[in-house]
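Multiple structures are listed underneath, in structure tokens.
Shared between the two complexes below is chain A, which has chain B as its partner in the first and chain C in the second.
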Partner chain A sequence: MSTPLLEVRDLCVSFATRDGVVRAVDGLSFSVDAGEALGIVGESGSGKTVSSLSILRLFGLFDDVTLSGEILFEGRDLLRISEAELSRIRGGKIGMVFQDPLTSLNPVMPVGEQVAESIRFHTGATRPQARKRAIELLDRVGIPDAAKRCDELPHSFSGGMRQRVMVAIAIACEPKLLIADEPSTALDVTVQAQILLLLDELRRELGIALIMITHDFGVVAATVDRVLVMYAAQPMEYCTIEHLFDRANHPYTEGLLRLVPRLDHRMGGRLRPIEGQPPALTEEISGCPFAPRCGLAEERCHNDRPPLVRLGPHHESACWLATERAARLTTPGRPWETPS
Partner chain B sequence: MPVNVVDTDRSASRLRAPLTAVNRRLSTIAAGRAWWGFAAFLALMAAWAIAPDFFAPYDAERLDPRNRLLGPFSDSTLGSHWAGTDSLGIDLFSQMVQGARLTFYIAIVATLLGTGIGVTLGMLAGYFGGFWDRLIMRLGEAQTAMPMFLVAILLLSLLGPSVTILIIVLPTLVWPIFARVVRAETLQIKQATYIEAAVATGCSTPAVLGRHVLPNVVPRILVLFVVEIGHVMLAEAGLSFLGVGVQPPDITWGLLIADGRPLLTVAWWLTILPGVLLSITVLSLNILSRRFEQYAGAAA
Partner chain C sequence: MVLEVDDLVVRFESADGRPITAVDHVSLRIGRRETLGLVGETGCGKSTLARAALKLIPFDEGQVKLLGRDLGDLGGEELRSVRRHCPMIFQDPRGSLDPRMTVGRIIDEPLKVHRLGDAAQRAAQVREMMDLVGLPEELHGRRPVQLSGGQQQRVGIARALITRPSLVICDEPVSALDVSIRAQILNLLADLRDTLDVSFLFIAHDLAVVRHLSDRVAVMYLGRIVEEGPVERIFSEPRHPYTQGLVAAILRADNQARERLQLVDRLAAGDLPSLLNPPAGCRYNSRCPYAVDDPCRLIPPDTELVGDAGGDAAGHRVACHLHGQITPPSSEVTLSESWEKG
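Moving on to the complex of A and B:
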């Protein structure tokens, strides 16, 4: 098996704050092959954004961040290379799309210039060359009348259009990997679909690998091949998209899926939220972080952290009951329909 | 991200003007139509500075002992002197026109230097924080706390008064204000997602500062720059008045005021007229800067 494009091994990220050390990511491992799409799913504060930021070490504002583990990209450990080397990778080999398109563009710089900037940094193109390429890119991501609009400031673009510009910036230098951090969260539903479709198209067309960070299973279902579910800074389950919907193993994943409203459910049915709150990340968690909220929790769940149990070539679950549950679920069935 | 409470005081005019009633009045004037008048006045002063020979009716160096200390609106053998003449019989109006150039030159160059220093240091302090922030801001505070005017007098007396020394000394009066304002703005801007996005596209730190942070503080710098020209002009006039600034035969308005002082009881116009000119100029700069501020505020 060839080496993956990006391999994250045992990533831990913690921040020193006034309230103590916050462990934002705790023992995360995953890999992405060239051209593949991985979804990272979790609720707010589960560490999904922090793990994506740590790939490019975008912690400029936090002095007190501690990173450990390895992030291997094309054989180099991004956590250990110099800032200068990293800035060649940022935007060059790894592109990034942020959550809020309204604040992600510099308000006083024309959008074409912002696309061209990245091109000039990474390819050494001249201004006119970069501008020409920027117009092509804006046209490609679906900005109408790109040649004219590239001289306009971001405020004259709608949210969806700005996100398209962000995508254009991210793919400007034909990166190997694109990290999209909730790219559709701040947008209207119809625009969401357009952006997701655009990302999917570009990924297939340019062979870019994609890491899609989201809390929306609909987004995951539409765009990715494999899914990593995170909870309280830790990985819970790692599986293919088919496995996620057909045989989700971890009780947390199951709980989340039960919360997705379904068209084929009878009217008046209730969505059952998972009881309780996620643990504060400042506390030391000894057992499974989900144990206090888990209906199936046993003694060992509270005391010992469960290992990632390998259930198949592309399926891992961090649960003491994983094997048992996997056996029960091998018959095709839908986890959200099983009584609990 | 903890933000220092002091940093929220972003308005330079608020830092500089404790006279709130006057402050409000000036803002009202700036908001109305009258600012055109002040802008036109400044344009005239700029014209004086650019082409003094065109505006000055007489040679500002030619002595005329027969027509010494003529009052305003008097005539001599040369013609009318609407601002009067000084103790050597030189036409005061011509001197005021000739003085505009050096007055503006010193004020603008010194303010530019101060702006450059203040903006650079303020941006570094705001962006990097920590040690550099503390060092730069404490330096600025130390400087603000010291009576810089006295330090300037000391330096100028030691090094000897000259226009060059003046241009080197005056920026020290203004850079801490620019540093403080730019630092506060930078603290805010650096948290914006577009800065993070710029880093994520491979921008180096100098590129982030120069291309993304700086353009976003330009409006505020511009506002401050205009009002600080006035302050520097006053400081220069003060130093020249005390005899440690510009020396004859150079002319600035401050020097004219100083020259007229011994004769205040016999020839009031020698002091009052250049003083009024200086005051209106500083006031106009202030009004214009407020107009910019209001305009920038409305645009944002």
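Moving on to the complex of A and C:
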């Protein structure tokens, strides 16, 4: 077997804050092969964003972070290389697209120059070369009239166009891996579709691996091959996108899937929300973090942290009832669709 | 009728003095105990319309009747007393609550402002309202910052309902919340709609959200209503290409997700034009895959009733020159196929 492009092993990330130690990622392992797309799904505070920021060590200057585990990218542990080496990888072999393009772009630098800057830094291209390449890239990501508009500042672009600029910067140096953190969440729904399609197209065309971080199962359904579901800093379930639709195992995954809009739900029918609140990340959690909100929780769920149970080649679930539940679902079904 | 808006026009001026028509000859009605979902993308004028309907911002043309009173003539104390019956719930629950006030005081404030009841009566009403919206009593003395996002939005809802209003305007009330919390709040609003004698104007940028609550849905685009009708009709038989695009854009978790994205891309191509320079004729023509020069790029379409006027389609109207000729291709049919079975 070839080694994966990215392999994260037992990643733990915590922040020291005024309110105590916040455990943002707690025992996360996953891998991404070259050209493959992985979705990391979770709600606010689930650790999905922090796990992706850890890959490139993108933390604030004053964050008091403790990191442990391994992040192997092309065989090198990114947690153990120098800042200078990492800055060659950031925006080079690994590109990133964030939720809010307006705060990610430099407001006083023309967009073309921002794309060119990255090209010059990583490839040593000359100014005219980088500019020419920047215009090609802006054109490729769908900026109309790119040769002219590349001299404009970010504020004169719409939200969707700014996000296209971000995508151009992210792919400027032909990365091996693209990390997209809620790339379409701040956009209007019709523009969201365009950006997701663009990322999907570029990934296939350029053979880039993708990590799509989102709170929305609809987004992963359209863009990725495999999914990792996180809750309260921990991995809950890991499966292929087909398994997600047909045999989601973890009660949390199932609960979230019930909330994805479906057009055949009876109009005006009640939603079945997940009751309660996620735990505070400063709390010490001994059992399964989802147990207090889980309708199936037993005593052991509250006391002992469940292991990730392997259910198949690409399916793991961190639930004490995983095997039992998987047996019940050997015939593909959609348990969350049964009417309440 | 609780709210009657006729031919409403709201104009602004851009920073460099050019006129912007944010709401362009819009008419809509909300009956007693009825919920209207108002959907559209950024800058379509939905929030402006809602604010003009309460005369929180002035309007330039048209007529607004709130609870049977013509707002055009009202001002000062009279306007304030009508507005008492029409509170708002906002998108950002934390930003819309005074951080220095306790939960109890926030919910009590509208009663105090409108001088409704003595201190003891008000305290009883606040407790009752907290119970109704699912806020535990021990939160009474807490401040907004000590609450979760869902709890903050419950406080906003309690504050809106405490005066027993006739119409509540909800402006993106769940957009800022996590999915699992969002469903709790949508269910709460559905319960309140079913148990209280109240109408809702429910504003959202996403059709999926209004679906669970609305009796009727109106879709806005660049200041105009392009389609309006009973909620099941809007989802099963959207007639305007833009509405069709919005229905396709509802992200669902199944193996057709990618095809639907492509469909959205085709039905709502490109970017939203600027309100400073809206397209001539039908305002949707720059993004519409069906648009033809004559009439789409020349003449603004009239709003026409579609379908059987008496039956399920009652009041389904659409503003599209081609609405009779557009037959959605097969992948578009799948949008409503599963619905038929439901």
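Keep in mind that, in the parts below, the second predicted complex is superposed on the first by the 334 of 340 C-alpha atoms of A that agree within 3 Å, B and C clash if a C-alpha of one lies under 4 Å from a C-alpha of the other, contacts with A are read in each partner's own complex, and residues count from 1 in each chain.
Just so it is clear, a contact is a pair of C-beta atoms (placed from the backbone, for glycine too) under 8 Å apart; a residue touches a chain by one contact, two chains touch by 3 or more.
This is a predicted model, so every value here is computed, not measured.
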Practice task
Once the two structures are overlaid on chain A, check if chain B and chain C clash or fit side by side.
Solution key: fit
Practice task
Report for A:T185: first if it touches chain B alone, second if chain C alone, otherwise both or neither.
Solution key: neither
Handout entry: First, second, both or neither for A:L196, with chain B first and chain C second
Key = second
Exercise for the section: Applying the touch criterion given at the start, work out whether A:S29 contacts chain B, chain C, both or neither, answering first, second, both or neither. Expected result: neither
Practice task
Would you please give the vertex angle at the Cα centre of chain A, with arms pointing to the Cα centres of chain B and chain C, as a multiple of 10°?
Solution key: 80
Practice task
Using the touch definition from the top, say if A:T240 reaches chain B (first), chain C (second), both or neither.
Solution key: neither
Practice task
Please work out whether A:T123 is in contact with chain B alone, chain C alone, both, or neither, and reply first, second, both or neither.
Solution key: neither
Exercise for the section: In the overlay, answer first, second, both or neither for which of chain B and chain C A:T323 touches. Expected result: neither
Practice task
Check whether A:R90 is in contact with chain B, with chain C, with both or with neither, and answer first, second, both or neither.
Solution key: first
Practice task
Of the two partners chain B and chain C, indicate the one touching more residues belonging to chain A.
Solution key: C
Practice task
Check whether A:H215 is in contact with chain B, with chain C, with both or with neither, and answer first, second, both or neither.
Solution key: second
Handout entry: Distance in angstrom between the closest Cα atoms of chain C and chain B, superposition on A
Key = 11
Handout entry: chain C-contacting residues of chain A that also contact chain B
Key = none
Exercise for the section: Sort out for me which residues of chain B touch chain A in the complex. Expected result: 1, 129-130, 190-204, 207, 211-212, 215-216, 218
Exercise for the section: Give every residue of chain C touching chain A within the complex, in rising order. Expected result: 41-42, 148, 150, 178-184, 186-187, 190, 205-208, 211-213, 231-232, 235, 245-255, 257-258, 260-262, 264-265, 268, 271-272, 287, 335-336, 338-339, 341-342
Problem - chain C contact footprint on chain A (complex, rising order) - result: 43-44, 158-161, 188-194, 196-197, 200, 215-223, 241-242, 244-245, 255-257, 259-275, 277
Handout entry: chain B partner contacts - residues on chain A that touch it in the complex
Key = 56, 58, 60-61, 63, 84, 87-92, 95-96, 98-100, 103-109, 117-118, 121-122, 166, 169-170, 172
